[in-house]
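Please go over the structures that come below.
Two complexes come next, and they have one chain in common, subunit A, joined by subunit B in the first and subunit C in the second.
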Partner chain A sequence: MEKTLRLKAKELLESGEVKVVIGYGWNRSKTRTTPVFITDPADVDTLVWNPLCVNNLSLYLTRKYKEIKALGRPAIVAKGCDIRNIVVLITEGQFKREDVFIIGMTCNGTVYKQDLWKGELTPNIMPTKCHNCDVRNPHVTDFVVGEKSTFTPPEVPTGMVYDKVKDLDSKSQSERWAFWVKEFSRCVKCYACRQVCPLCYCERCITEKNMPQWIETSAHPRGNLSWNLTRAMHLVGRCTFCGECERSCPVNIPLNLINQKMIGVVKEAFDFKSGYDEKTHPPMIVFSPDDKENFIK
Partner chain B sequence: MADKILKKADLGKLIESVTGKGGRFVAPTTDSRQIVFKKVKSAEEIATDYILARNSFKEFLFPQTEVVAEFTLGKDTVDMRGVEVHAPQTVIFGARPCEAASLKGMHALFTWDFIDEFYTKREDNTVVVTVGCTKADDACFCTTVNLSPASTEGADVYLREAGESYTVEAITDKGKKFVEAHAAVFGSGSVKADPLVMPEKIANIDLAKVSERLKDKTHYDDKVWPKLTRKCIGCGACTFVCPTCRCFDIVDEGTAFEGERRKNWDSCQYDTFTLHASGHNPREHQHQRWRNRFMCKFNFFPEKFSGKGCVGCGRCVRVCPVRLDITEVMEEFSK
Partner chain C sequence: MPRIGVFVCQCGNNIAATVDTKKVAEEMGKLPGVVYTCDYKFMCSSPGQEMLRQAIKENKLDGIIVSACSPHMHEKTFRKAAEGAGLNPYQCEITNIREQCSWVHHDKTKAAGTVKSIDLTRMTIQRLKKNQPLKKIKIPVKKKAMVIGGGIAGIQAALDIAEGGREVILVEKEPSIGGNMARLSETFPTMDCSQCILTPKMVEAELNENITLYTYSEVEKVDGYIGNFTVTVRRKSKYVDEERCTGCGECIEKCPFKVDSQFELGLNKRKVIYTPFPQSVPNVPVIDAPNCTKIQKDKCGACAIVCGPKCIDFKMEDKLVTEEVGAIVVATGYQNMPNERFGEYGYGRIKDVISGMQFERLASSSGPTGGEIRRPSDGKIPQSVVFIQCVGSRDEKKGVSYCSKICCMYTAKHTKLYSHKVHGGQSYVFYMDIRSGGKRYEEFVRGAIEHEGAMYLRGRVSRVYEKNGKIMVQGADTLSGNQVEIEADMVVLATAVVSRDGADTLAQRLGIGYDKYKFYNEYHPKLKPVETVTAGIYLAGTCMGPMDIPESVAQGSAAASKVLALFSADEMAREPITSVVNRTTCNACWDCVTACPYTAIEREAIKDRQGNVVRWVAKVNDGVCQGCGVCVAACRSKSIDLKGYTDEQVFAAINAF
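So, the complex of A and B:
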């Protein structure tokens, strides 16, 4: 797959069809992958593809990355799950489909965190999203790398995140409250969850608005709770469960539980899952005359 | 000659001895699937098999958030009140030699042109007990910044693993007093310390050259910065886990009429860090913010305070969501 990927990247850069290829490369000791930005066709051998390619690179297509935008039209190496984020960005008018060349990678799953890698991809080191993935064959692409995957996700989603959500749902409100207060108490307000999220593309986040200060910057229970609730609410109907926020959290707050819960609520209320069709707008940003809620009419 | 030792089985007694006198005992423990420094109450909570805690112990000297004053606004008055510094007797146990070396620089900063009692009072009441490393990973680079698992800089007491015991070496007066104060717990014996594990020095890095090159400010607009650091996503995770990062922000919180003034961790990786009220931002792009952090570690800070800007603990490398490795930038600047 790497060979095909590199050849395609080379062709794209040489023809001038794209100016930069956003992909994965090795770190110095070849133990971890890291995002790379290839602008010179001579550098395409830097590109790698393996189960350590966890990062959702669609982040770099957002408006926050002016310097990357300035390089010119990008091609992006993307797994199906990453493409779901690209789709959301397109539906939200962040850029047009033709503004990016999508090199879709067929995928057999990645590791949850790169530190877990021991040389082999086993089910126990894969995140819940991979066990239920319905986009192992990337769905919106300009070019596909890899053999078609024959994986069919289970009919009823399974895995740790779903089990934990179910478990939390069965608890009383006060128990759930106690659970989250405890989890959020570790928050250090580094905002890695926000920065790594391809859908958190606001140039001025509400946390940074200080006239008035809507969200207290202090890492005390009130500040932490208001930040984490705001983050969650802003992702309703948009989050694709890519899991980058949880992966990046230095204090291991189980953000995937919140994300998956929201996804479940949206699925139930609007029968909508984000990131599959770039022509369908997410439910929170559209008005429909046949909305089942009366108050909106 | 018999050496001073601490039996691992006696750790519980040491904790009791410290907490019995009203102190707090901070040690690496497992919390939420990782090793972190936390206040512990019993020896069972202490993690023994670890390389380094995810957080640095700086939060026990310089908390993430703390109230430094309280205020009440009247019709024509502002009543501003100071608060007591919360500085309990603290033992930081199981710190690594790398992170302890950050203390000199921390002290230099918090006593620079103003004595920050919120730091110094805690520092006075804190004893740092380091344990030499018997494990390392590929993010460790202490030897590259001229430290090693045998360094005692910043430590009050230096321990080494020795089977079921630790060898004990009191480094500072504070450390000696600590060992004396808990003399009943420390024993003596002749034990052989386990070998220390030295992380390999990164071959292409020359720290002196890095500093030298950074002095010449012509690198400032060099294309090498965006090239190396364009992947940085601008989160503050590296600065928050870093034992030498110590920037903070002062904020007022409360209602319209009363509230508290807080000192909160801040990060040079945020665009709001240098954003002016005019809207101008001298560090508009992320690579400039990254350059600042690197300059702070290897240029401004060591020059101004002769303290270590970077101790090579590798936390920033481990925690980075995009694996931006500071040593790869050091390598570039060693050329």
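So, the complex of A and C:
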């Protein structure tokens, strides 16, 4: 797979069809993969592909990375789950489909955290999303690398995140509240969750609006709660459950839980899953006379 | 330092009973920036307003707060008074201490009410400190209107607007204007002939110099906003040159092919080149292209040969016409629910089970039988007729839950027509309730029952079937408690009035709301019955729900008066409560564009001096924006603010709490 990937990258760069290939490369000690940005066809051998390629590189297509935009048309090495984010970015007008060359990677799952890698991909080191993945064969691509995957996700999604959501749902309102207050109290407002999220692409985040300052910036429980709830609300109907926020959180706040819960709510209310169709705008933000109004009681 | 005045209203005893207004005024006087306070019995009265003006002048106030009733009641009054004293009207804010305070508190000691009033007023003071003076928005108005739908409501609206001296374009989907009313025989309660009262209006519309008729045309696209709509109309190809056609009818005569007539609801045939009915306006035939052998297979062409002025062109194509108008009246009317849904009544299975509208055609002197009631199967005169009311109406399971409103009246009319035309015939009516509210309506129905011999049976019909050439109608008579079976020669179903097919598509094009039955929503069911949420678009007639002819006509006139009022000035002043985009922080995610119910937000390209697009941002069109604030909530980067309700103002108010 790596060979095909490198050949394609070389071809794209040499023909001038793209100016930069965004992909994965090794770190110096070859223990982790890290994003690489290849502009010279001679460097394509830097590109790698293996289960450590967990990062969601679609982040580098957003307006947050102006210096990458300035390089010219990009090609991106993307797993199906990453492509879902690219699709959302397209629906939200961040760029056009033809503005990016998508090299879709057929994927058999990744490790949840790179440190867990012991040389073999076993189910217990894969994140919940991989166990329920329906885009192992990437769905929106210009070029596909890899053999077709025959994996079919279970009908009822399974895994730790779903179990925990169910567990939380069964608790009382005050118990849930206590749970989240406790979890959020650890937040140090480093905003890693925001920086790593491909859909948190605002040039000025609401937390940085100080006239007026809606969200307190200090790591105080009140500001923590408003930040984390605002972040979750801003992703409703958009989040693709890529898991990058939780993976990057230094204090292990279970952000996947809140994201997955909201995905479930949107699925139920609008029968919508984000990141599959680049023509459908996330439903939470679309005025439609047909919207159900059964929430008004 | 601001110089704020606080005026607390007692509203007689409405507020003063549970709120100590004097104390509220005193407490407010202690706050920084407040230089004048008072309380008074009726702030909205002339002396009250005068007091306010005096205080503004004498104390050089730069902002005022009236703590009184809901801003819905008197915000305008007080802002006008403030303006009279030289203050920007938007520097006047209202605190609602009546609906939101005194009326919900019953504590006669005034403790709770007073505390809450103080809190609310204090919040408004902080909010007021962040107010910006605003200016009314002026929008130029194009003084030309479009009426969509050429039924009686649309015709009336077009005529009234034209009478007012303004140009109107009347768009009609069918080859002739007239709508459903043209199909009717007589009209209740006066029993005058429908066509006799309608056709003069149709001709008037054709001859009026201010009215342009676009028949056989449909609205394809609507852009713009109040005063400045751009409407694209598809003028479907008639294959006949309207300008040169003399309406002689030779072509219709010669056309050798016949198909079912939609106008006659399948009771009669028409030619392939046709006018829907003899009095069609304009009297220009159209060719029904799918059925025309010349157009489909290049055979025949008889019509073109006989045409004197040579105005038939088989190669004619649809034309798209763009019109700029200032206001739109939607009068697209209704249709009847398809009877096929009601298998138990035998429609489609038994030939002599017909719909009420088909009965109208049978009774009409211009109809297929020349006004004689003859049943469709064998042309015999039916000696007994059963009328079934509420077919589909008031039937949540199989039809619609609402009452179609006109059926009780037209069924009574049918029984009368039947008894006038078939002497000795017996009519039976199965009904649920008789709803005959309206001037001379009840008398009309009583007349049908008491003088014309119609037999009214309260109950539902369970089954209609054929037996020995008769139609057997089984049903319940709930008043006597018996099951009844009637031998009938013909059965007439009063089918529900429903919205037109495609009503939702048109509503989406226009940006107006509709209910679950796809009837269009008025702005306010009582106080704004012909307006829509989209400024500049008005409604008339049955596109809003079932109504009879007088109501439709009244609405046509009402909509026209709204249009004329809009056209009475060159510019229109609008409340400046609109959204504004911060272009430096906008991410161009277009969430606001999709969230806006009024399509008021556009995509704007910011270009450099060479004309290259540097970035895209959202732009609010002041003319269309209604200030609902949905975009403010939708914007994740908080790049949209609502003038008059800015983040700063709201934040200040919350902080003061």
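The rule is simple: the second predicted complex is superposed on the first by the 293 of 297 C-alpha atoms of A that agree within 3 Å, B and C clash if a C-alpha of one lies under 4 Å from a C-alpha of the other, contacts with A are read in each partner's own complex, and residues count from 1 in each chain.
In the analysis below, a contact is a pair of C-beta atoms (placed from the backbone, for glycine too) under 8 Å apart; a residue touches a chain by one contact, two chains touch by 3 or more.
Computed from a predicted structure; not experimentally measured.
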Combined model on subunit A: subunit C and subunit B, fit or clash: fit
After the two structures are overlaid on chain A, angle v-u-w for subunit B, subunit A, subunit C in degrees (C-alpha centres, nearest 10): 130
Touched partner set for A:206, first subunit B, second subunit C, both or neither: second
First (subunit B), second (subunit C), both or neither touched by A:247: first
Partner chain in contact with A:63 - subunit B first, subunit C second, else both or neither: second
Partner chain(s) touched by A:285 [first = subunit B, second = subunit C, both, neither]: second
Of subunit C and subunit B, partner touching more subunit A residues: B
Shortest span in Å between Cα atoms of subunit B and of subunit C, once chain A is used as the common reference: 5
Subunit A residues touching subunit B - in the complex, by the definition given at the top: 27-29, 31-37, 55, 59-60, 64, 66-68, 114-115, 183, 186, 188-192, 194-196, 208, 213, 216-220, 223, 244, 247-248, 250-253
Subunit A to subunit C touching residues, read off their complex: 63, 92-94, 201-206, 209, 211-212, 214, 234, 281, 285-287, 289
Complex contact set, residues of subunit B against subunit A: 31-34, 36, 54-55, 64-65, 138, 226, 230-231, 233-237, 239-241, 249, 251, 253, 262, 264-265, 267, 270, 272, 285-287, 318-319, 321-325, 327-328, 331
Of subunit C, residues touching subunit A in the complex: 504, 507-508, 513-514, 585, 587-591, 594-597, 603, 616, 630, 634, 636-639, 647-648, 651-652
